[in-house]
Each structure stands twice: as structure tokens, then as C-alpha cells.
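Below, chain A partners chain B and then partners chain C, in two separate complexes.
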Partner chain A sequence: MKKKATALLLAGFLMLTACSSNANTNNQADTGSEGNAAGSQKITVWAWDKNFNIAAMNLAKDAYVADHPDAQIEVVEYAQDDIIQKMNTGLNSGTASGLPNIVLIEDYRAQSFLQTYPDSFQELGDAINASDFADYKLGPTSFDGKQYGVPFDSGVVGLYVRTDYLQEAGYTVDDLQDIDWQQYIEIGKAVKAKTGKDMLTQDPNDLGLIRMMIQSAGSWYLKEDGTTPDLKDNAVLKEAFESYKELMNANIVKINSDWSSFLAGFNSGDVASIPTGNWITPSVKSAADQSGKWAVVPFPKLKNAANSVHASNLGGSSWYVLNNEGKEAAVEFLGATLGSDVDLYQKLVTDVGVIGTYKPAAEGEAYGAADEFFGGQKVIADFAKWTAEIPNVNYGLHTYAIEDILKVEMQNYLNGTAVDKALSDAQSQAESQIQ
Partner chain B sequence: MEKWLGKLRDQSLFSKIFVVMVISIVLVTVLITGVTVQLSQQLFVQTFSITNSKIIDQIKSGLDNSHYTAVNTAINVGQSGVIRSFMTEKDGSSLANFKRYYSMRDQMDRIQSGIGAANVGLSILGGNGRSYTSDVTYWSGSSEQLKNNPITAAAQEQGGRLFYSFMDAGPLNSGNRYLVAAKALTAPGLAEPYGTLYMFTRESDFRKNYTSFTSRGNDVMFLDTAGRIVSSNRTEQTGSLSPDLLASAKHIALGNLASEELTIAGRDVIVLADYLPSYNFYIVNLIDKDRTIGTLLDKKALVLIGAAIAAVAVLVVYFLTKRLTKSLRTLVKKMSNVTKKNFHNYMSVTGTYETRQLSTAYNYMLKELNDYVAQLVETQKEQRNAELAALQQQINPHFLYNTLASVNILVQRGSKEQATETIHALISLLQNTISNVKETITVEEELVNLKHYIFINQVRNGNRVKVETFVSPDCMKDKVPKLILQPFIENAFFHAFNIKTSGYIYVTIMKDRDTLHCEVVDTGDGMDLDSKQDIPDSTSSRQLFSGIGIRNVHDRLMLLYGEPYGVSISSTPGQGTKVSIKIPC
Partner chain C sequence: MRAVNHTMRNRAKLTGWLFIAAAVLMICLFYFYPMIQALLLSFKTGAGANLQFDGLSNYKRLFSDKTFFTAVKNTFLFLIVQVPVMIVLAMIISVLLNDSKLRFKGFFRTAIFLPCVTSLVAYSVVFKYLFGNDGLVNLALMNMHILSEPIQWISHPVWAKVTIIIAITWRWTGYNMIFFLSSLQNIDNSIYEAAKIDGASGPRQFFSITVPLLKPIILFTSITSTIGTLQLFDEIMNITKGGPGNATLSISQYIYNLSFKYTPDFGYAATVSYSIVVMIIILSFLQIKLAGDDK
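Presenting the complex of A and B:
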């Protein structure tokens, strides 16, 4: 009996120790699996505009995940300003933690990032073949002979016009082919007189129109070196300013305050045309009731600028990989999708309306498709054609810094300051600010 | 089974002690564990309530800062004439609009920059339909859609008050949830508000105000007055309605209570709540008792430790009790054996101090008992001896009288020599019986006494009974109790020959190893002996020479030499009687 009892007690002790040791192993197993989860690299992507960039990136993600089931890609939407702020904060403090693996940067700003934080971005090397992309995209996306960005959407611009309003004013689409801004203003006046509709919308805080005008003539706010302001005595810029004032004085401009009211302007049928980048196509098409009433014509050129062409660029951005943990996976992801996937580009066109700058993609079906919304016009093909004609300019580092100065000077100019004075003031301000 | 039961009975003391101890140990362990758990839980709840109410205060002050920023923004927007003009005037020319929009934007940018790094999206919606949104990710809808949003109507109802409301995920705000601080913009002199200001804060940004204070099982959430969870660190709850929580929060906030314990969805929770007047929200802190206390207080470990201690204690008690009761048990066993007429069962002195003392005392008692018994036996012996001695020294006066009468007759008859011989025999007999105080004498001396006695008797009664003695020569020096044979010979003389007138008495003494066999055989009448009573009770019959009877002789021998010795008598009527006496030599 004594032996029995001892054995029982001993068994009890064993069970106790067994229980506690079990608990320990469970805990260890837990932490182990957590560690693993963290180990499988998640690729984070930051971009803005959920209907365009975000949608495109999600398509790329879907295409990639189909081939790589364990890949984890998170696409996060931020306002562009937020991204710039966060990037500057993070990169300035020298830490890339909290920053994404892939970030979308507007071409205008690309050089400022690449040159300011040269070590923070990952060179793509063999992941993409740079010569496969539109030439004008390579300037902003490379630095010091090295390719850092995967060129994304074409910022090629066109003039979207309401054929019905034009018709009412006595014009046809053919009348708007290859016009200059003077002609555009005349047509605008006629349209306003006949239909009461403004010709275009403008946001006083966005000089995109000026940028489009000057790039069409191969000029920019900065000289070729990308750092010297080129405002005073810039004939092209002067003509652009003058054209802008004429638009205002002609009273054919509907003023908008923000993106929503910009969209609302043409979606509600308040304006007859939109001179802007091709990326507006999805927004235009979102008003399905206006199908067939729109056409896209070549961008007006500046009348007096000798080398002004009917092609320009507005916006457009590219994807960059940050030099932080997970960069290899990010480079591989971009290379496999936007860097080489022709089918993906067809999908981008049909599903999102993104016209890429990947040349091989232009051969695809989607690029040659006629669009019923635009009365059967092969808009994508047209845009692709104009993309090739865009004059190459060096956006340099200070596009928006100078634009902030110009916005004020534009006000002064519209309020009566002489254009030369306004530009000369802008020049001196820019020189003092940009060193 | 029976054997086992018997064993159990043997160990009943052990079983009782053990069972009582086990029950007490288990009870004590369970109670202590229970009380510890209970106490630490209470302590935990108290501590948690205190720290968490401080946390709530901290969150509140953080939120008050945010609210202050919102109020400032609202004041700045409300005081800006440019912005008011933007929202009130009718559309003018392109140029005029351009300037108005530009200056409005300029103002708004300035106000926005005053907000600082906080992620707040600003929207204004004018009565004239003009609107401005600082950031399209906060609100991407048109001014029409903004106008139709319920928040706009609510802002009108609230008058000029700044109020917060929850905007659920929708296609117009990038699928995010927002807390919207809205205010109808009014101006003196205007009956109707001229516009509405919206300040969007992402719920995810708002959450950052308090998520650092939360942990698993320690949740913070904000409820609006309709009971909707407008923000929670448990994101899956955001947007859902929770009337229970609202009721509890109201109860706590109104009653100024520290905390309340509730059961929500089957979970026991501690609820801390406060009302945020600036937001018109209730801040609720939910502490899941099981989860949080569970992590702090490892009940399983506590129970296991308790069980382990109890098990060890039981084990120790088992062996200790077993050891303690073992000596007691052997004590009991020995004692029970002692009762069987054996006072010489001494115990081995082992075991604990108490048992050892007990054994010693018991042994001492046994020893004393034995001593006492021995003493008693000795005393009895001595008493008997004294009695005998007294008897021995008592010569029956009749014997003297008869003998002297016989001598007288002899003298008268002139048998001078015979008379003298008789007197001599009498003298020698008396001398030996009275004067010799030694208890034992040699066989030789005894035979001399016998001879004298027989001589005297033959003088008195004639020679019709003859006595023959056959003594083995090696027995002569052996010691025998004085006057051991005399009573039997006297018996034979006076009782054996009542019918027969003559006969013989044979006295035989011989030795067989250590035993001296003495026989007194007569050829007299014999008698019918009661089979049960070997030795006739002769107390009643008068002794003729001394007071010593046959019975006495037997008792005396028994007393002196023990069981196997003594007197035995066999008799056949008409043939004679044989008396055998066995004595050790």
C-alpha cells in the first residue's frame, strides 16, 4: 500500500512538471511562428489617387500574386503631399523605417528626391530595360547615369472637347485639330456666347496649364542644367502667361477650387474642353451619360513660340524602390510586372485607363482599340503617338518651388503688373530661394 | 480482502491521522489559493481602475488639445472675410473668380498650416454651392454630395456649435472611416449660416491618440450619444452600435463612478468611462478581466504550485505518520501478547522519544510486576515454612501421653531395658523434631527418626505390623525435608490395619537420576480412592504425632520443588496402599 501511494504521488509530480513544461513549449512555438510571419517579406507601396495609380498598382499586384502565391503586397493610399512630407521626414532623419518599399513619385519631383537622398533609393540595374521606356521619362527617373525609377504613366496631354457644345457653336472636331491658343480662345468665346458654357476650368493654385504650354515649346522653369531659374526673359513663359491672362480676360474660364470641383466641372457638363493629361480619361468617362459627346484633339500650341508642338506633358509619375529591408523583393516585383509585363499594360489601359510609357506595350491590342465614349476615336493610339512627340525638358529640382513663386506673380500680373516685371520679380525671388 | 481489512484495522490510528491531515492540507491549500486569487484579482481591479482612469485623463487632455485645434481652425475660418465672400458671393467674371478662389485658397492654406502636422482634412461648403476640400483623400465627392450628407443637415440644426460625428466608409472618402468635426458658419446679421466647415480626421489617426494605452484585453473606444462606436482600438467594432456600453458609460459618467463591472457578450469586463463634453462622446475603457488578469495572474501555475505543495505535504505527512504510529503499533502488538500469562515479554526500546519512554516505562512495570510476583511467591513460601516449622515443633500431647503411658506399663511390668530403650527413642525423636531447626536433613537421619518412631509405636501396639526399610546406599547423604515419611507411616500404622490385624510396611528409598523416589507401601486394608482426589484430605483426621498431615506434605513438596514433584497415592482395597514421594536431589 505504501508503494502504491508513493508511485501515485510521484506520478502526480511528473504530471505537474509535464504541464508546466508544456506551457513553456507552447509559448516558444507561438513566438517562433510570429518570427516567421515577420520574416516573410511584405512589400508596402505608397501611392495616391485610388482610381488611377492605386488601381493600376492593384492590377500589378494581382498579376504578381497569381504567380507568387506567398507574396504579400500592401498598397496604401496617401495624398501626394502626405507622401512627400513623410518621405522628406523619414529620409532626412536618415531612417527608412516607416517608409514603404515602393513609392510613387511625380516626375517633376523625382530629381529632387534622387539628388537630395542619393543613397536612399535602390538602383534597378538589370531589373528593367530602360530603353524600353519613353525617352522623355528617362531624364526624371535616372540620376548620374543610373536608372532608379520604373517609368509609369505617360503624362501626355491632349485637349478633351465636347463635340456637342462645339457643334452648337458652329465648330467641328476637325476645326480643333492642330490649333494654337489664340484660336482656342476665339472658339471659347463663341462657345460661351452660344451655349453659355465656359471653355475650360482652372484652379488658381495650379499652373499646370502654364507648364503644359512651355513644355510644348521645349522650355521649362529652369535651364538645361536643372538648377538655374529661367523665368526672366523666357519668351515662351512670357507667351504662356499672356495666353493665360487672355483666357481669363475672355471670361471663358470656370474657376475651380479643388480636384473635386475640377471633376465636377466637366462631369456636370459645365465646360466644353479640358486641356490636360491623358490620365483624366477615366474621370471623363465616369460620366457615362456623356458617351459619344467627347473627342480628344492635339494639344494647342503657342502661337509665337517657334518650336512649340502639339504635344506636351502634365504630371506623370514613376515607381521607386527605397533602399531598405525588402528592396530585393520590391525590385523583383516591379521588374516582373510594370518592367516587362505587356499583358499587364493592356489591362491597365482597358481596366484603369493608364497609358504606360513601356514601348513594347504600344503594340498590344488595347492600344489600338477604338473607344466608343470618344465617338470611336482610337484615343490610346493617338496619345501614344503624341507621347513620342513630347519635347524632352529637364524638370530639375525646383519645379514646385518656382511654381509657388509664379502663382503669386500670376496674381500680380492678372492684377495689372507688367508681365516682364512679374517674371523678373519671380526670377529674383527664385534665385534668392534656390541656391 | 479480509486480510487487507485486517491490516486497515491494525492501522486505524494511522488512517485516521492521515485522513484528517490530508483533508486539512487540501482544505488549507485550496482556501489559500482561492483567497490569494481573489485578493490579487481585487487588487488588480483596483490598480487597473486607478491607472486606467489616469490614462483616460491623459487621453482626454490629448483630445482636448485636438479639440482646441479644431476650435481654432473653426474660428479662423469663420473670421476670414475672404472665405466668407467665397462662400456667399455670386459667380463673377473668370478673372474676379480667379482672384477670389486664389485668395480663399491662400487663406485656407494658411489655416491648414496652422493645424500643423495633425492629419486633418478641411472642407468648406458655401451656401452658394462653392466648396473646397484641402485633400481629395478625405473627401472626393462633389459639393452636391457634401451638401446631401447628413452631417451638413446636422450642422444646420446645431446652430453655430462645433460638433463631432462619425462618417462611415464610403466610396467618396477612399473607404476610410472618419470623425468629422463640423460647424455651420454663421455671421452676425445673417439669419442663416452661410456655409459649413468640415474637419475630417481619419479614424485611424484619431486612434493614435490612445492606441498606445491599449493592450490585449484593455480596449478603449469612443461612443457617440447614439451608442455608435466611432473609434476603437479593436477596429472591427468601429461603426457598430453598442447600446449596452452606452448605458453603462452614461451610468458611470453621471454617477461619477470609478468603474463598473459588466458582462458583455459573455465576457467579464471592467468598464471605465467618462464623458467628453467637447466631443459629445463617451470614452470607454473596457478591461477584459479574464484576458488581462489571466496574463498577470497565472491561475494555472498558482493551482499547480498549490497542488504540488499539498502533494509534498501529504507525502511528508504520510511517511511521518507512518513512522510515528509504527512504534505505537508494535507497542500495541506486544502489549496484546503480554496478556497471555507471560509477564516476561519485554519490549525492545526503539522508535521516537515518546515510544521509547513508553517502552521503558512498560518494561520497568513488567519488571516490577515480576519482582513483586517473585517476592509474593517467596513470602508465601516463607509463610508456609513458618507454618510448618510451627507445626513441626508441635508434638501431639497424646503421642507423648500414650508413649509415656506405654513406658509406665513397661516399667510396671519390669521390662526396664525396653522402657529405657523407649525413653531413648522418645528423647532422640523429640530432639530431632524439636531441637533440630534445619528444614532438611539427610536420608540417614530421617531413617533414624523413623526407626525411633516405629520402635515407640511397636512398644505401644505390639509387633503385629512390621516395618521394613530398603534404602539404596547412594541415597543416604541426600537431603529430604524433615519428617517427610513419618506422616505416611503413621497413617499406615493407624488406618491400614483395622481389618487385617497384621502386615508389613515397606519403606523404599532409591534414586533415579536426579529424582529421589521414596515409597511407603503397606499390605493393609487398602481403600477406595476417589479417582479425582489422589490424596485424601486428612485435615479432619487427627494427627497422632505432629500436626503435619499428608495433605500438608504434598503441598509442602509442591511449594518447595514445583510441579513434577510431590506425593501420589495408589490403593487397592484388601491389598494395601502405596504412597510414592518424588523429591529432587
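Presenting the complex of A and C:
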């Protein structure tokens, strides 16, 4: 009896260990061999945002399947937070077998994945020509001199404005071309006085506006090396903080608390402008009754920062191939579609409103089309032009960690702490936290 | 005869062990093994999968980490304000619902217990919309002319804390009420009858009979609520995400941020989670000591 029990227990243990070691060896084998299975291999893609990224990937899939009838591509929608969580737990356990073949990663986070999980991502090699993509996208998508991502969503920002409210306040769209944040605040005050509408809506827990401001001047939270915090004595960041406070104190900001109340802010006609990324276009257009009342002007720049330009980026993202079974097929698929297909990019613009960062595509017809919703403005061409002007910065590894520190210091600053003290406190916290 | 007896007894013992062997194995595998792994992990540093042993450096970092202390401060504020309020509320409601003259008892009990059945995420999301700037709560208060302009329930540091406290009170009061109710029904009615004959008033009966007799349940609910509050996560994650500016950051939310929001630092996240273990042990020990219950 006793012997039997021990034997049973032992057998149980053996089975358990056998399972786990089996999984490991399988995984190692995957990363090594298997080259000729490409084509019949099923490719899984994870991304977020049904109306934007998922729609774009589905167009790429259709284009590819037309030429490769036996290709199997499955596009799965997850929230961005879920993707990050699944990727981190999966990659940290040392196996990429439960993960997709292709995944969308936000540019701010790209380096933290590429650097902390080396060998988990597949180098793209000759599948794409990196120099065909906008320069500022190459920093986040490459590591150690090798290209790992297919640069995608440009994240280029513009200032969406309600022309009817501006008119009521005595301004035309021309008055808003190439302004700085001080002028923006003055216009906002006039709009508020004449129409009673706020100039913009902001979530105090989201410093996206600060990110856009500092990138427009080629600055970031970290130094060029991507790891040293650059908060104290960062003149650009200081000016961005000061402009933000002025904006908040001018009584022209409608506070929102999340994405849906952000959307409601402009869909309900409560705010006169939206300074944000071009991916907001489908959401602005969803209020069909506001057609013809909107225009997009260049992003305001910082007044004193010498390098500040009228172009910046907010939360662009790119596609990555994981180093697991089916990677060859995945690389081939990406290379043939989003990596080189000019026709596909035209379709992306007309059907979904996605502006990629593939330079040759900008020559296409769809990029020059006028948009009636924006009063006949050629918005896509404008965005494509601004994309080329976005300063290149190294986002490094710690965008969101530093931003959480800055959020607290921003509250302190708004409540009366001196800006220099707030930034130097943030610096010392960041230094102790980032190791 | 004696020898046979002996082997039989041994055999019975072995059979007993065999019966629980599967459970013991599973508990070791799925409870103790991860606990030990997490403890080991808390001594490692590095980003993502590049971990190496680094002695006590994570624990040193813990004691100089301002964000961690903010999280601890917030969590204890929730604990100190919310748990007593909730337990007193649960006790009062249960006494009211235990009244033999009350009609539609089943309906009221179900209504108050119902929040505990809802999913944590679902109710958090509903609360987020109720307490939004243009949410139902603000609309109602403004229509009743109690407020002249909307309260920023979620975007203001103080109001955000209030919102979280209201949310967890709504969710958990009914849960604790059930324990009080079941315990109240075990109190012999003759005690109250005797008190009535002696001329004790309602409040007097409550404080001199009900509360002392409920002491073990008060202890139990306060310990479980303490543990629950120290692990507070779903509400924070779904209503405020720890904001504005860390004003509602809980320790669990901080662990989530360290693991998934920032560049993953699983070693330090494990250290922070072990700090919760230590706090729960100390607090539970104190509560048992204060209650003076040695059993």
C-alpha cells in the first residue's frame, strides 16, 4: 500500500516536471529551426482600438489574402492594458508560445519590451526598408542597431478647432495658423467670453499635453541615453509646466475624468478645440451634425523654447513580430503589406482614416483628397506634412513611471509650489526609482 | 493480536493520508511554491526577464520610496475611515432587519446584500459613470439645488477619496451585515425579554446586550475588512486608476503599476506585496489582542 502511494506520488511529480520541461524544449526548438512552414502557418495578431488599428490590420489581411489564398490570419482585439499584461506575464515566464505572432505596441513602451526581453522579438532584416519610414519612428522601433518594428500609426498631432465658435469670438482659422500657447490661451479667453464655451477639455490625470509640448521642442523626460531623468533644469519641460498652469488657471478648461467624457466634451459641442493626435479624427467625425464646423490647424508651439516647432506626436504605435513559431510567415506578411504596399496605404486613408508613416505612400492620391467634414480642408495632406517635421526624441524605458511622479508634482505646482522645486523634487524621486 | 492491531492502525492512518495527499500536494504546489518563489523574487532586481539576486536592495528602496508611502497612507486612510463606518452601519442595519415586527424582511435583506453579488469591475464602472463630472449624482444634486456647480468627484484629490469610500461601503456593507444577522439570530430572545422587564430602553439593550454578544463577529468582520482594504484594487483600478496625481493610489494598484504600467520590475513588485503580508499580520495580531480574545 505504502509503496503504491509513493509510486503514485512520484509518478505525479514526474508528470508535472515532464510537462514543464517539455514546454521549454519545445519553445527552444521553435526559436531555432522551422523555416519552411511559412505560408500554411496561422498568424495571430493582437491589437487595440476596433475603429483604427483593428480596422487597418483587417485591410492589410484582405490585401494579403488576395495574393496568398491559403494564408490564415486571425486578428484579435484586446484593450491595450490587457495586451501589455499578457505580454509581460508571457515573456517573463520565458515562453512566447501563448502569445500572438504580431503585436501592436505603443512607441512609448516599445523600448521597455525590446530591452527587457531580449531575443523575444524577431528582427525584420530585409523585410522592410527602414529609411522609407518617418525618422522619428525609427528610434522607438529599433534596438542595438537592428530594426524590430514596422512603424505604423504616426500619432502626429494637430489642433482641431470649431470654426463657428471662433467666428463668434471674432477669429478666423487664419488667426490660428502657427500660434504659440500664449496666443492660444488669449483666444481661449475670448471664446469663453463670447460663447460661454470652454476652449478645451483635459483630464488632470493625463499629462499627454505636456508630452506633446516637450516633444515639439525635441525634449523628453529622459536624456538622450534613454535612462537618465532630465526633469530638473529642463527649460523646455519648465516652460511646458508653466504653460499648462496658465491654461488651467485661465478658466477655459473643462475637466474630464476619462476617455468617454473626453469624447463627450467635443461631440456635445462643449469645447472649441482639441489639441491631440490625428487618431481622434474618426471620433470627431462621429458627430455628423458638426460637419463643416471643424478645421485642423498646426499644433501650437512653446513661445520661448528655441527649437519648438508646430509638429509633435502623441501615442503612436508600431507592429512587432514575436520570436515564436510562425515568425517567418508573420515577417513576410508584414513586409508585403504595411511594410511596402502603397495601394494599401491609400485604402487605409480613405476607408479608416489611418495615416501611416510610410513615406512613399504620401505621394498617393488619397493623401491629397479634400475632406468635407473639415470644410474641404486637405487634412490628410496637412498631417502628412507635419509628420515629416516631428522632432526625434528617445522615449527610453520609463515614460509612464516618470509621468506618475510628474502628475503629483504638477498637482503640487498648481497648488502653489514653485516650479523649480516641483521639478527638482520629481528629479530626485525619478533617480531613486529608476535603477 | 497486539501486533495485528498495530499494523491495522497504521494502515488506517496511511489511508487517511492517502485521502488528503492530493489536496496537500495541490496546496503545496499552488500556494506554498508561489509564495516562496515570490519571496525569492523580492530579493532580485532588474527589468523584465533580466533578473539577478541583489540582496536587500529592494527592501532598502522600499523605505526610501515616496510613492510607496503615499500608497500606504492612502490605503490606511481608507482603512481608518471606511472600515469602522461600514461595520457600525452593518451592525445597525442588521439589528433593524432582525426586528420581529418588520415586514418584507426578505426583500430588504436581499436588497442590501445584492451589491455583494455584483462583479467588482461592473460596479466600479457604474460608479465611475455615476460620479463623473456630468454623472447622475452631480445632475441630481444640482437639480435639487444642493449644489450650484458640479463636484469633481473623480478629478479632485479629496473628492476622489470620498468616491472610493462611498463605493466600497456600498459594495461591502451588505456582506458584513449577513454575519451580524446570523449571529443576532443565535442570541436568545429571553435575554431581551428579561431586559425589557427590568425596564431597559432600546438603545440600552443595544449597547449592553447586542454589542457585547456580537464581539466575536465584530472582530471577525473587522479583520476580514482590514485584509480586504489592504488589498484594495478593483475599485481604484476602474474608478480613478490611482489618480488624480496618486491621491487614491492603493498598495495593490502600485504593485500593478510596477509590474505592468512601468517598465516591468517584478522583483520590486514582489517586495511591495510582501509588505502587505507583514502589515496584515501585524494588524490582525493587534486586533485580536485589543479584542482580548485568547481563544
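The working rule: the second predicted complex is superposed on the first by the 395 of 435 C-alpha atoms of A that agree within 3 Å, B and C clash if a C-alpha of one lies under 4 Å from a C-alpha of the other, contacts with A are read in each partner's own complex, and residues count from 1 in each chain.
The rule is simple: a residue touches a chain if its C-beta (ideal position, glycine included) is under 8 Å from a C-beta of that chain, and two chains touch if they have at least 3 such contacts.
These numbers come from a predicted model, not from an experiment.
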Exercise for review: Mind working out whether A:H398 is in touch with chain B, chain C, both or neither, as first, second, both or neither?
Suggested key: second
Check your understanding: Which partner does A:A193 contact after superposing on A: first (chain B), second (chain C), both, neither?
Key -> neither
Exercise for review: Based on the superposed arrangement, let me know which partner A:T116 touches: chain B (first), chain C (second), both, or neither?
Suggested key: second
Practice item. Answer with first, second, both or neither: which of chain B and chain C does A:A79 touch in the superposed model? Key: first
Exercise for review: Classify the contacts of A:D203 with the two partner chains as first (chain B alone), second (chain C alone), both, or neither.
Suggested key: both
**Study point:** Touched partner set for A:A235, first chain B, second chain C, both or neither
**Key:** neither
Check your understanding: Is A:S432 contacted by the first partner chain B, the second partner chain C, both or neither?
Key -> second
Exercise for review: Would you sort A:W259 into first (chain B), second (chain C), both or neither based on which partner it touches?
Suggested key: first
Practice item. Scan A:L247 for contacts with chain B and chain C and give back first, second, both or neither. Key: first
Practice item. Could you pull out which residues of chain A sit against chain B in one structure and against chain C in the other? Key: 1-2, 5, 9, 12, 16, 81, 203-205, 255-258, 261, 264, 407, 411
**Study point:** Partner chain C, residues of chain A touching it in the complex
**Key:** 1-2, 5, 9, 12, 16, 81, 84-85, 88, 91-92, 94, 112-113, 115-118, 120, 203-205, 255-258, 261, 264, 397-398, 400-401, 404-405, 407-408, 410-411, 429, 432-433, 435
Revision key, fill the gap. Per the touch rule above, chain A residues touching chain B in the complex are 1-2, 5-6, 9, 12-13, 16, 19-20, 23, 48-50, 77-79, 81-82, 198, 202-205, 247-261, 263-264, 267-268, 407, 411, 414-415
Check your understanding: Which of the residues in chain C end up touching chain A in this complex?
Key -> 11, 14-15, 17-18, 21, 25, 29, 45, 47-50, 61, 64-67, 70, 128, 132-134, 152-155, 157, 240-247, 257, 259-264, 266
**Study point:** Complex contact set, residues of chain B against chain A
**Key:** 7, 86, 93-95, 97-102, 104-105, 119, 130-137, 139-144, 174-175, 300-301, 304, 307-308, 311, 314-315, 318, 322
